[in-house]
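Chain nomenclature is as follows: A, B and C, assigned in order of appearance, with residue numbering initiated at 1 for each chain independently.
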Amino acid sequence: MIKKILIVDDSPIARKMLKSCLPKDQGFEFEEACNGQEGFEKYKSISPDLTFMDLTMPVMTGYEAIEEIIKYDKNALIIVVTADVQLKAIKTVLDSGAYMVLRKPLKKEDLQVALLKAQDTLQQVE
Amino acid sequence: MDEGGVAGFYRTIRMIFQQIFDAINLGIVILDRDLKVQGWNRWMEVHSGIPVNDIINTDIFNSFPHLNNSKFIRSCKSVFTFGNFCFFSQKLHHYLFPFKTTSYSDFRFDYMQQSCAMGPLRNDNNEITNLFIYVQDMTEVAVYEHKLVEMNMRDGLTGIYNRRFLETKLKEEFNRHKRYGGVFSIIMFDIDFFKKVNDTYGHQCGDFILKSISSRVATLIRNVDFMARYGGEEFCCLLPETGIQAATAVAERFRSAIEHQENNFDGNLIKVTISLGVAEFKVEMESPHSLIKKTDEALYRAKREGRNRISVMEWEETVHP
Amino acid sequence: MMETHEEQIFTSEELEILQEIMNIAFGKSAADLADVIDTHVVLNVPFIDIMQVTDLPSYILNYVKDYRNISIVEQNFWGRFKGDALLVFSSGSGKELITMLQHGENTSLESDPIEILERETLMEVGNIIIGACVGKLAELLKDVVTYTPPMIILERFYNDAISENHFDPDKTAIVLKTDFSFTEGNVSGFLFLITSNDSIQWMKEALRVFIAQYE
């Protein structure tokens, strides 16, 4: 079951927008980080079930953070949420182990589908 | 307003727009996302000769295959994707639709010169479903522009180039030869005893002689040569790729042609002669002015030695030890 | 000084929303641009600055001072969101773009002087980039804008290109800035979207409506 969710994005508004798109009745616990470095640290300390990751961030970008996290935990479930929808960017993050890519602006429906898929995957791993 | 009233109101508005669409002095074309024609106003019918019923719902490239190029397709994509406007200026594109010109002028373009723009058309949900193209006839403006440019280059009386234009050309040639080497020459000539012509027959006759001589000489030069009215009765020819000997032969043709020409002014047969100076470009010359000065000196010598003759510039070759 | 202006005009939350909307808009523009002009365009993270209009020339100079010459494509956009878009290209961009866009296509333009071709190519590409960025931004804010035909200043020194009296001095400028580069060819530059007091009330409302979807 997905319980703990880590949201990594430098924009507080973007984190708020993401949270508002997630269902309220499933008792998710949220943890937030505002750059890739902080995201990686928090990942290690709380081991979230699911991570949402922005790409363009200061200190450490999402690209680097994904690589670090996957290196640390190859089963990490990372959903990239980005405004950069060019194929090149999408290919890069999928190659380095991200689970899927969602485009900004987020739609509730897309996010819920993503959540269900992630749930399934998580159960198979367990 | 009741339902019928609203519908009636919109019907009237539609009719008004349809009439404007067909009456406006502007071509309007509407395309859908497959680039099929969905609108073609009267103006387009008239100028293309294609009736609206023949073109509606057909691929625009069927009727205008030359539009199937990257710039046009890129523009359509951009309008459908971003909803922006694209512009096709007359200066660069000349036209989008090859139509016959309608305006009368001494300068003729092969096709109507057009300034065109393209923009989005949206439905009630703000989605871009179609694009429009408008076509504006710019032929007359383009003709005026050509005339203005010409006027700036030409002498009003004789129609040959003016001094300013020649000096610009001379500077270009001079700088090019200074850098890359090669030969070119200039001939300066003026009409002998021109004042006497004016005094005897009047200024109108003087003008007539100027025109007559310039048009005779113009028949003796090549397309690549430039001939200009340099001063009152003074003319100058720039002969690219021509050495001093060839230039002197050309000058002799001028001299002989004018000597034998009878100018008929109001029944008076008037003969005049010209004196000529010839000079060629030398790499040691400092500026175009030095070349003009050499030619002027030669012309002056021709005058002093008795007129109706040619004199060639004097040049001492600098010997490099 | 700049701080106080920002305080007066937008709250910090409004600025954050605007920033996020710009990230989204320009990200989408870059992807669509790749499709329309067939080359990959990198649009970097945009920034918002607020200043007096009279400070604009020196502000812009600060970004483009490393360019030997600049070419500027300028377009006004009109909607509830209205203002001035300035696209500043680095020297030589026009010639690079001609080669990139023609793809060896033989057009009837060969007889035209290179300067006209350069001018038209910059205008075409400028028009598309401006349309993409402004259009996406307006779309997210539920607005539809129209544009004036692009004007161009070709290969000039900066001081000859932008003058003090270019802008209305009584206004406050909200500047949305991004830099871009083409992965192919040596083309880069800056985009400045300059909007003023007139659009502020509408913009605040549009930002509120946008974020309300997520509350």
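By our rule, a contact is a pair of C-beta atoms (placed from the backbone, for glycine too) under 8 Å apart; a residue touches a chain by one contact, two chains touch by 3 or more.
Since the structure is predicted, the reported quantities are computational estimates derived from the model, not experimental observations.
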Which of B-C and A-C has more C-beta pairs touching across its chains: B-C
Chain nearest the overall Cα centroid: C
Distance between the centres, which are taken as Cα means, of subunit B and subunit A, whole angstrom: 64
Euclidean distance of C-alpha centroids - subunit B vs subunit C, Å: 36
Inter-chain centre distance, subunit A versus subunit C - centres from mean C-alpha coordinates, in Å: 31
Interface residues, subunit B side, partner subunit C - complex: 69-71, 74-75, 77-78, 81-87, 89, 91-92, 94, 117, 119, 122, 126
Residue ranges of subunit C touching subunit A (in the complex, touch as defined): 13, 16-17, 19-20, 23-28, 30-31, 34, 40, 45, 140, 211, 214-215
Complex interface listing, subunit A residues touching subunit C: 11-14, 16-17, 20-21, 56, 82-86, 88, 104-105
Complex contact set, residues of subunit C against subunit B: 29, 32, 35-38, 101-103, 105, 107-109, 112, 116-117, 119-120, 123-124, 127-128, 130-132, 134-136, 139, 144, 146-147, 149-150
